[in-house]
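Heads up, there are several structures right after this.
Both complexes below contain chain A, partnered by chain B and then by chain C.
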Partner chain A sequence: MVLQAALEAGMDIPHYCYHPSLSVVASCRLCLMEMKVPDPKSGELVWMPKLVPSCQTPVKEGMEVRFNSPAVQQNQQQCMEYFLLNHPLDCPVCDQAGECYLQDYSYRFGQPTSRMVEEKLKNPKKDVGPRTLLYQDRCVMCSRCVRFTDEIAGTHELTVVNRGNRAEIDVFPGLPLNNPLQGNVVDLCPVGSLLDKDFLFKQRVWLLRETKSICPGCSTGCAIRIDHNEGVIYRLKPRFSPKVNDYWMCDEGRFGWKYLQDGDRLTRPVVRRGGEVFYPRWEDIPEIINYRLRKLAEQQTPTAVVLSPMLACEEAWLIASYVRALLPQAVLVASWLPVQGAEQNFPVGSPAEKARFTIRPEKCPNRRGVELLINKLGGASSTLEDLIKQVKEKKIKAAWITGGYSQRDWVSKELAAAAKELELLVMQDLYANALTDNSHVLLPSCCWAEREGSFVNQAGLIQPFERAVDGPEGTRRDGQYLYEIAGYSGLYRAEKVRERMAEQLAEFRDIYVAPDPPEHQH
Partner chain B sequence: MSWKAYDRNQPVMDPQAPPVLTEAVREKIRSFFPRYETKRAVLLPALHIVQELLGYVSYQAMKEIADLLEIHASDVLDVVSFYTHFANHPKGRKTVMVCRSLSCELMGGKAVLEAVKNTLQIQEHGTSTDGQYFLVTEECLAECDHAPCLKINERTYHQVKATDVSRILADEKNAELSIARSSLFDPPGH
Partner chain C sequence: MSSDFEPILMRNVGVAKAADLQVYEARGGYQGIRKALQMSPEELIDEVKKANLRGRGGAGFPAGMKWSFLPKERKVTYLCVNADESEPPTFNNRVLMESDPHQLLEGIMIAGYATRATVAYIYMRGEFTEPFHILQRALNQAYAAGYFGKKILGSDFSMECYIHRGAGAYVCGEETGLIESLEGKRGWPRIKPPFPAVAGLFAKPTVVNNVETLCCLPHIVLRGAAWFTAIGPQGSFGPKLFCVSGPVNRPGCFEESMNITVKDLIYGSKFAQGMIGNKAVKGVFPGGLSMGVLTGDELEMRMDFDSPRKFGLLGLGTAALVVFNEDTDIRDVLLNVTRFYAMESCGQCTQCREGTGWMYKIAQRISLGAGRREDLDILVETTRNMGMMPGLSICGLPDGAAFPIRTLVEKFRAEFEQHIVRQEPGKVERVLRVLN
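After this line comes the complex of A and B, so read on.
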């Protein structure tokens, strides 16, 4: 389509209803352009008197179009006047202000004053679902949200009721917008009509800083953006990633990050020695760990390293290669896998190969990454069940266990009982549990938004993510202290570590970074 | 929350209420299925049948039609609210449509409308107290050569004078057509 081509060429063509992943309706009329067509008499190409929607016109060889003519500009101005006829102009209390395309286009094409002298139509606010509010006043009837529920989610909750200037977006009373992808309609809304109850009145958007990240909610590994301000995360938004999540993300990921701001996180390292408890400084941790592990090596104690699927590849590699350097016989173990529910494909009811979005039952971001590392590093490996048996049979006497799950009850009774038999337990986790309480060295973890690294998703794409915020006071990023434990000095940069990994493991040379969509596309 | 918002999470109909569409009506709707490629296409015939049966299409009926056609209830609401022909609230058995377009207006349409309002003691979009009449104005009834005109259900009255109105409305059989009406969309038992 001409509009997409123009956007990809960097032109800022105004549009509301067009979205590259939804069907084209050409209803907003903002993207109209002039086009040359053959004259019926002479056959030569002349400018067509009527404007045509660029979102609906396919690009052809030798085509001539223009967006900068007076007719096109006049149309844009007139359209904006219509869109703003009944708009309540409540930007000061509107969540969308700052990222609103009514504001942007009004600034570019709108008139400073309204010529409307009649009373504005006042439409009600509607509570259309458990997570979403609809401010009908602000709506421009682009119907993106309706097409999303029809075409991507396949749940059809939203619809257009009434007609003409009285048209409204609504749901059937009693059948609210309640599907696992509903947060996306808020992202799709080019104006402040559909609002997220979770983010409502929390923060002005121009104060937010954006960090590119990867959702840790399931093994799909959606590309996301963390919006945060002064160390507090306010919301997650999907990023365009054609190979993974297109433009969407699920509500589980979008709203499932709240655990990391709960306030009962582990914040300082602990050393337990013969019933005594010490709280060492972070600076002393590398020496303590080194001393303990060298002792294990001297006594040739059989040791296991349990790698959590919540770890980034770089962190898992730092632990595994460090322990293996001291204890070449160390057993590598993939940790507990959080699995919940079944695979959900969208549109609802479509088979997996036709699905446009999938929520996967494996609720961790990096199972494949950890398994890849364990395979590529070679040597002894085992499963968590076997490890528990081996510990009970005294075949394994020391372990370094990593957690970092959002599920606080991830430690099974068997694992907790087995851990008590260990001579040395080095533990990394977010929250206190049976293992952290019995560990000899406890290293508090940071969650994914507070770290940097890369996750390998279910399709095998290695996707890097950046750090958005700092962990709670007292914590250090896992990468940083692992880097220091492994004997490096200076600041931990995931990219540098990845380069070092790639020297050993060729798989980590190809990382997948989603391309940025055209600047003016929205 | 400190402002008023319509709550769309709560159903407006009683979930325990018995179905409004009888098996005979459902069968009539199903008889349209072979005519079209999809069941969705039967929506308009189904709405005609239900409106003929109940006088309007209630939310309960919309939900039942949606279940019958295997579409979402919101799609039915979309169509019902789009066409002014369909009402989603109870209204009089007969609809009086008065033209408010140019030709009728010039020929005294306004007086006719006033006469209807006075006779039935109702306003536009109102239903008379006996539940017989429902009054709307229409943009054009396509009878400009016989202006002013009004329509009661499907029967059109030409060159209506304001003084004729009370006589027309008093007639019991004022909605009956001179030719036989197609019974295609009549619900069973009508």
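After this line comes the complex of A and C, so read on.
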């Protein structure tokens, strides 16, 4: 379509109803353009007297269009006057202010005052679902949200009721907007009509800083953006990623990070020796670990490294290659896999091959990355079940176990019991559990938003993510202390580590970074 | 004025039990389809093209040409009968369906045979309760007599016919709004292309024809294209139904050729027989509401497809006249017209959704005696900024909203201004205070 081509060429064409992943309705009439057509008499190309929607017109070889003519601009101004006729002037209390296309376009095409002297229509504020509010009087009737529930979610909760300027978005009685993808309608809404209750009145959007990340919620590995300010995360938003999640993300990912801010995270390293507990400084950790592991090497203690699917590839590689350098016989083990429910394909009921979005049951971001490393590094490897057996049979006497799960109860009774048998347990985790309580060296972890690195999603794409915020006071990024333990000095940068990894492992030469969508597309 | 005009489409109106199959057959009914089945669909389309039968629904698009837009290779074709007659003052389809339902059914069969349609859906205006029962009864009779179903009249032609009742939306008379509604969706007109001929009902090739258009078919088949083109002026051939309403002596539906003028329809002894109390005509909406208004000085306009443009109107429309006399306050006319479109705009395109609502608000204030001169300019400007003709909307509804309002304000501007001048000072502010 011409509109998409123009946006991709960097032009700022105003539009509301058009969205590249939804069907075209051409109803906002804001993207109209002038087009040349052959004159019926002479066959010569002439400007057509009427305007045509650029979102609806396919690009053809040799076609001529223009957006800068007086007729086009007059229509844009006219449309803005209409959009604002019944729109309340409540930007100061509207969450969308600052990222609102009604504001942006008004500054460009709007008039400072309204010519309508009558009272504006007052439409109700509606509670359309457990997570979403609908401010109907701010709506521009682009119907994106309705099309999303029809075409992507396939759940059809939203609809349009009434006619004319009394038309409203609404849900059916007793059927609230409550599908696993519903948060996307808030992102799709070009104005402040659909708002997220979770983010409501929390922060002005111009204060937020954006960090590109990858959702750790499941093995789909959606490209996301973390919006944060002064070290506090306020919301997650999906980023366009044509190979993975298109423009969408699920609510589980969108709201599933709240556990990070619970306030009872592990924050300082602990060393237990005999019955005594010490709290070493972070600076001393590399020496402590080095000393302990060298002792294991001297005594040829059979040792295992348990790699969590919550680790970034770089962190897993740092641990595994460091331990292997000292203990070449060390067994590499892929840790517990959080699996929950069944695969959910959208639109609801569509087969996997036709799905436009999938929520996967594997609730961790990097199983494939960890498995890839274990396979490529070679040597001894095992499963978690076998490891427990081997520990019980005293075939493994030391272990470095990594956790980092959002599930606090991830440690099974068997694992906890087995861990008590170990001569040395080095433990990395977010929260206290049976393993951390019995570890000899405890290293607090940071969550994904506080770290950087890369995850390998279920399709095998290696996707880098950046650090958005700092961990709670006292913590250190896992990558940083692992880097130091492994004998490197200076600042840990995942990219640098990846370069080193790529020297050994060709797979890591090829990472996938989703392209930015056109600047003025929304 | 041709006083020797023999009713054709309305020949059975007033005949006792004309809605019965036996009566219809006894009066020469269902001969058109018998003759049509002897012809090939292509011959039939050619005949209709030669007759230059223009659609009676409002736009006047040639029916034969519409049929020939269907793709050559197609497996399923649907015929939709537009019986959603919801244009104000229009009731010609209603008369045809109530008085002579079999004529419509025969027309449907002929159109179905010509377009190779296997299913016909009659989309009927929801408020038409009586016509529905009459037509359903006739349809049952026709099925029982073998006019619908498999292998009609021993030929290879099979067609089913269903009546679907709308839920009362003006916009469902727009052909793609009708199709959406028939599919069970909100009746929002679709963007074109694709046109219904290519992807219409259930995304299959579809023809949408008006009731009156289809009623012409049996007569064209039986009597030939040459007979049809002998009636009426160049470009507007065939019989036409005209509805007249308003303060006239004899309101009703009349059949004539399109040679007739507005004046004849109002004053003719066979037609409305003049104004009640001999009042002067102040204005006439000659083509339903949507085509625009004529002043009392423009009654010489001929009611054919092409003349209305010369009077600043959109077209012939439904050829339903609503007359208003010298006692009518022009502000009330404006209020009525703007209210209709504000209520019936489907809410999809911005200009129509907001524009019609805004114009209604202005008209409300003007009718309360609190108009401003600039209101008239805003009204005219708004009507210029909506509709399919400037490319600003998906369907023709806003064109239909723009023309009556614009012609009303432009042709009666002096009267509006007179009211504004006579207003007491401060009235606008006072009314706004009350309204707001």
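The rule is short, and it goes like this: the second predicted complex is superposed on the first by the 522 of 522 C-alpha atoms of A that agree within 3 Å, B and C clash if a C-alpha of one lies under 4 Å from a C-alpha of the other, contacts with A are read in each partner's own complex, and residues count from 1 in each chain.
We take it that a residue touches a chain if its C-beta (ideal position, glycine included) is under 8 Å from a C-beta of that chain, and two chains touch if they have at least 3 such contacts.
Quick caveat, the model's predicted, so the values are computed rather than measured.
After superposition onto chain A, the modelled positions of chain B and chain C overlap sterically. Using the contact criterion defined above for the overlaid structures, shared-chain residue A:M141 touches chain C, although it does not reach chain B. Look at A:L181: by the touch rule set out above, it reaches neither chain B nor chain C.
With both structures placed on the common chain, the touch criterion links A:T159 to chain B and to chain C.
Between chain B and chain C, C contacts the larger number of chain A residues. After overlaying the two complexes on the shared chain, residue contacts for A:L422 are found with neither chain B nor chain C. Applying the stated contact rule after C-alpha superposition, one finds that A:V171 touches chain B and leaves chain C untouched.
After overlaying the two complexes on the shared chain, residue contacts for A:L372 are found with neither chain B nor chain C. Contacts of A:V323 after superposition: neither chain B nor chain C is touched. Look at A:L332: by the touch rule set out above, it reaches neither chain B nor chain C. Once the two complexes are overlaid on chain A, the chain A residues touched by chain B in the first and by chain C in the second are 159-160, 162-163.
Every residue of chain B that touches chain A in the complex is listed here, in rising order: 3-13, 59, 62-63, 71-78, 81-82.
Across the interface of their complex, chain B is touched by residues 124-130, 133, 155-163, 170-176 of chain A. By the touch criterion given at the top, residues 24-30, 32, 48, 50-53, 56, 75, 78-79, 82-83, 85-86, 115-119, 121, 140-141, 143, 159-160, 162-167 of chain A touch chain C in their complex.
Note for the complex: chain C touches chain A at residues 169, 171, 186, 188, 191, 342-351, 353-358, 361-362, 364-365, 378, 385, 389-394, 428, 432, 435-436.
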